[in-house]
Amino acid sequence: MIAGPGYHRPVAETIEALERRIDGLRVAVREAVLAGDRALASAHRASLKRAEQAWEDALMTATAPDAQTAPHAQAASEPGQATHPRAREPAEPTGSLLPLREQVYEALSLLQVPAAPKLIATVHEAFFGATFPTSRVTSLKRDEERSFRAAPFSRPYYICAALSADYLAPSRGLLAISTWPLERRVIGSLSPRVDFLTAAIRVAEAIERIPEPPPAARRLLQRFAASIPGASSPPSPPATVKEAAAAELTVHKDADDRARGAAAARARPLAGAEQLFGTMSFRELAIRTSGQTAGRAAAE
Amino acid sequence: MTASPRPSPAQAQTQARLDRLRGRALPVNHNARTIAALAANPGCSRRALMDAVGVDKQQVATHVGFPAPFGQSQFAIARGNAFEAQVKEGGAAQLLTLLREHLGLDVGQAHYHDLNDVGGNETALVRHGRTRQLLTGAALSAPGEATGTMFDHPMLRLAVGGRHAYLEPDLIALQHRGRFHVVEIKSFAIIDGQADPAKVAAAAIQSAVYVHALRDLLGGDPGRVHYETVLVAPRDFSSQPTVATVDVRRQLTVLRRQLDRIASVEGLLDLYPAELTFDLDPDPGGRPQRPPGELADAIGQVTANYTPDCLATCDLCFLCRDEAAGTTGALGRSVRTDLGGVEHAEQVLGLARGTLPPSQERAEIAAQLTRAARLRTELLGTQLFGTEI
Amino acid sequence: MTLLTSLARVIAAQAGRAQPTKTRRHVHLSSRPLVLIPLQLAGEACAPLAAMVGDDRDKPLQLAVYEPRDRSRRFEFAADLAETVLAYIDGFAAAEPEEGQPYPDAPQLLVPNLGGVAFARMLGRSTRFRRTDGEYAVRAAVPLLGRWLSYYAERSEATGSALLIPLTAALADHWATGQSAMEDANLAALVSWIDPPDGMTGPEAARAAEDPVRYPPAGPVTDPTFDNEVLDHLVKAVRDAAAGGGTPLARAQAATDAALRSQLEPTWELMWRSVDLLRTLPEAASVPDRWKSDRWSFTGQVGWLREDGAPQPRRDGAVAAARRLARLEREQQRLAVQRAYDDPLVMAEYRLTGEAFAGTVSAADPARLDTEGKRAKLRPWITVRTADEVVLENGTVLRSPDRPGQDAMIVDIALSGQLALVTLELKGGMGQAKVAPPGTMPAVGDEVTYTTLRDEFQRAPEFPERENTPWTHGGPPADYVPTEDDAREDWS
């Protein structure tokens, strides 16, 4: 039987009963999916979520330090320890006491080029000892924009977007620092490659500054090196990587600078929020049309 | 062949008939996989008609009580996405490294264009427009003045059955001699230089669809888009990517034939009454209201060509299999061939027992069947094994 | 597929039950096989998820990989699997065989289907090059398991070998169901046709067996709805609990074990049921002979590994490949003949194609002599009355499964209504006397079968030694030297 929203459950369904119900609901979801009944599958999934929540709550109660019956007594003997198995978020990382935005600032400052959340997290782990999940980085950009709009320019820097050269729209997946020159924050067609090479050089330099670079940093440099001609065979010492990256950069630099310069010129007149987080018009359009999934355009 | 801007009266009428056949639902969009699958069973009118019209076969099959058995594991999807993301990160660094060696790109050819959206706009129409703009521009640029190298998730378009199918290859690469290569990123492994042949075959047909669409976009000169496509996949048991060339000339030929066949769907339409429709009659909530028996009748009016291969490719497979029960074809193509092409199990048994007098063409197979039946009876008897025949 | 087997399918479809296509069991079945059911994670080349393994149907051992995307766990899994598999294999190589003899028995692995064989091949390939030292060291059992699995996978390609058997293939070889070969690849559906439960027909049971919720697939691929609705949560739960450890981790692992058991146990039962079904057939006469070849091969492999032989290289050199292909072809031919000789239902195929006929001896002349030439030779004649269609010509030399050493040449065929009277001249196997001793040739009233099929001993074709591989085939192959790469095989 599936419990609907109005069904009153008797007090404290036992954990075992909950587990049985959860198993039953999982079977029901599977059967609904196999039967092609999406609506039923969704309904069951919703019930499943509620049952799982109830299970977690029941476990928390059972393993709390002041529980009378102690089926999980050993866990209860360590007060303060999180004992429910499904933490909402993974445990906080050790190390950094800085807020996330500062850590992202640290990593970007090392790289000196716009970067994706994954790279930012890896760089921070390699050089500053602490890591963070990339999902938090992605939501950071949203928070920064909200903060900026609420009180423009009130903070010394903002973690902001990189802008695509063609439409000055926010470049997907990239973060930058607001205090950087505009040229560095616009992305032309050669910029991803140029920034990759530049980042490699920065990482190499950062390693050279440390007497005993951690293995994570070396591995990061190795990953860069594998995609740079002249430095791809391991082990690639920082000097080799710098040299090889610089060599390729000379091929792209002029064209990239020109493209970025032209884009920056167009971006300069933009208002603060647009200049930092991308042009409004395209984003508004995107929000308006986001209901249409790609490919469902009717015949023109 | 791109659709002409204004349909002729005849085309408009065909379009109306196709719409009527499909019913109220929006047409299901073709993608490379579904177009490729059209080549799989050319003799099946049921599938040909439904695909040409854009019927959601899965919904239809479910409503008549035969939901399709296909599903995708989250793990496979996640793995595929993760591998693709890995290969494309850092300005597609890993991909660029592979392509440089494989296609002989110049160092300066490192441009990257992200066509997943256009300034935030993700609609197919807009992406297609931008894709066309960038690709034709890149094609026209002088050698040494490269403006594009890698185009990430470009949006191509192909006219199929009077509608546009939007197709998204993983990547298109432009080489310095002005030739485009379709690049597909897959997550099945290439181990010791070899990969699962079935998977490679599927990838090849998909890539052929993209090659065809790209040639179409660039104005038809086949030299512009190479028939050698690039397959990027994990090497051995690691996540490091490796590259393989896939020659799709044969697939292109088959595909062209298939597309031509679909283009002449009017001929197929003429065989069926004008009132025929696969409409589901959905209620305001979207749930189908059409009596399943009525829908089944409608489907039944269009002949299918069920073979066991359908079980791996078509959403209607269980329905058609049920329909085909009692035929030799349901047991397999080779079984029907072995039995001299006799279509129904009843006939086979009748010929074997001698209770069904054979026609002229059936004389030979009848003789063989009676001999075969006699042998089985002689050796198995009726008490110990088997069944009396 | 032949006319006979296709007819059998049609009969099965009408009868609602699988029909036998063999009267003998043509595959060796160990008295103590090792059943192995692997499950793998979708989307990767070789990401083991779980396995159920054992040689005792009441004692399955279940192994699980709680974090299947973590590559290092794979080698832990391989090490755990190795413990069981290697212990099983070692049992057969414990005592030294007699002089000039192979080991008296050999380990036999049973997997559910061809996917299981592919899994063994993949796991073998991904583990046999690993090193036990250095940065990516694994336990010693891992590369050893890899070599054994690769060996077994290779042997399974040899028709006639019974060292590694996918049971779907073995069952489908002996029974025709009323469904397609493609559907036969589903072990549950296949067994349903052969042995439906009381009150159900074969097709009813097979259709029910297609429900992956009630009848989990035999693997290695899992059902996508299981992956999405059950496994996904469990893997996440283990991952979330991993940092803290303790009870929550144990609980998450136990939940995973239970879920995986639900996917493995039904197949475990099916595997042993399949073994029982195959055992209902009497063993074919040539099976012990073929098994002896397998035992020889096993003996050789044990020796090779004991001498610390190098693992199988990734690809064959040209000569090795050609040799292997030729050997496979020879084995295939020999197997076909043996099966026909062993099993009248297989011989029936050849009777239908005109390569054989069977009937009753209606006349015999055991004292007939051939007086041409210097010495008179004993050349008895028999006449066989048969209802089979005889399309052979005079002068064709035939053999009988009952007397494989005796040639029978057709000297006359007379048609009499629906019957044929075939006169044969016999040579060999009757000693030096001037009259064939009783029993050395067919007597009047005997049921006999004669066929053009012969099992000649074929010499292996001459192949160049590997140093002399012709340049057209890439020149001599480089000697196999294990490299750092093999051991490393990128971890990122």
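Order of writing sets the labels: A, B and C. Residues in every chain begin at 1.
Here, a contact is a pair of C-beta atoms (placed from the backbone, for glycine too) under 8 Å apart; a residue touches a chain by one contact, two chains touch by 3 or more.
Because the structure is predicted, anything quoted here is derived from the model rather than measured.
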(message) By Cα centroids, which chain is closest to the centre of the whole protein?
(response) B
(message) Please tell me whether B-C or A-B has the greater number of C-beta pairs in contact.
(response) B-C
(message) Measuring centre to centre with CA averages, how many angstrom lie between subunit A and subunit C?
(response) 51
(request) Using mean C-alpha positions as chain centres, tell me how far subunit A is from subunit B in Å, no decimals. (result) 35
(message) Where in subunit B do residues touch two or more of the other chains?
(response) 69, 71
(request) Find every residue in subunit A that makes contact with two or more other chains and list them. (result) 33-34
(message) Residues of subunit C that contact two or more other chains, please.
(response) 223, 225, 228, 492
(message) So in the complex, the part of subunit C that touches subunit B is made up of which residues?
(response) 1-11, 13-15, 17, 19-20, 23, 41-46, 69, 122, 125-126, 178-183, 210, 222-225, 227-228, 231-232, 314-315, 344-345, 348, 351-352, 387-389, 489-492
(message) Residue numbers of subunit A touching subunit B in their complex, please.
(response) 33-37, 39, 116, 118-119, 164, 166-172, 189-193, 195-196, 199, 224, 226-227, 229, 232, 248, 251-252, 255, 278-279, 282-283, 285-286, 289-290, 292, 294-300
(request) Within their complex, state which residues of subunit C touch subunit A. (result) 211-213, 223, 225-226, 228-230, 236-237, 240-241, 243-244, 246-249, 251-252, 492
(request) Write out the stretch or stretches of subunit B touching subunit A in their complex. (result) 3, 26, 29, 31, 58-59, 61-62, 67-69, 71, 89-94, 96-97, 100, 107-108, 110-114, 116-125, 127, 147-148, 155, 163-164, 166, 168, 287
(message) Which stretch or stretches of subunit B touch subunit C in the complex?
(response) 69, 71-80, 187-189, 191-193, 234, 236-240, 308-309, 311-312, 326, 328, 330-332, 334-335, 337-339, 345-346, 348-349, 352, 368-369, 371-376, 379-380, 385-387, 389
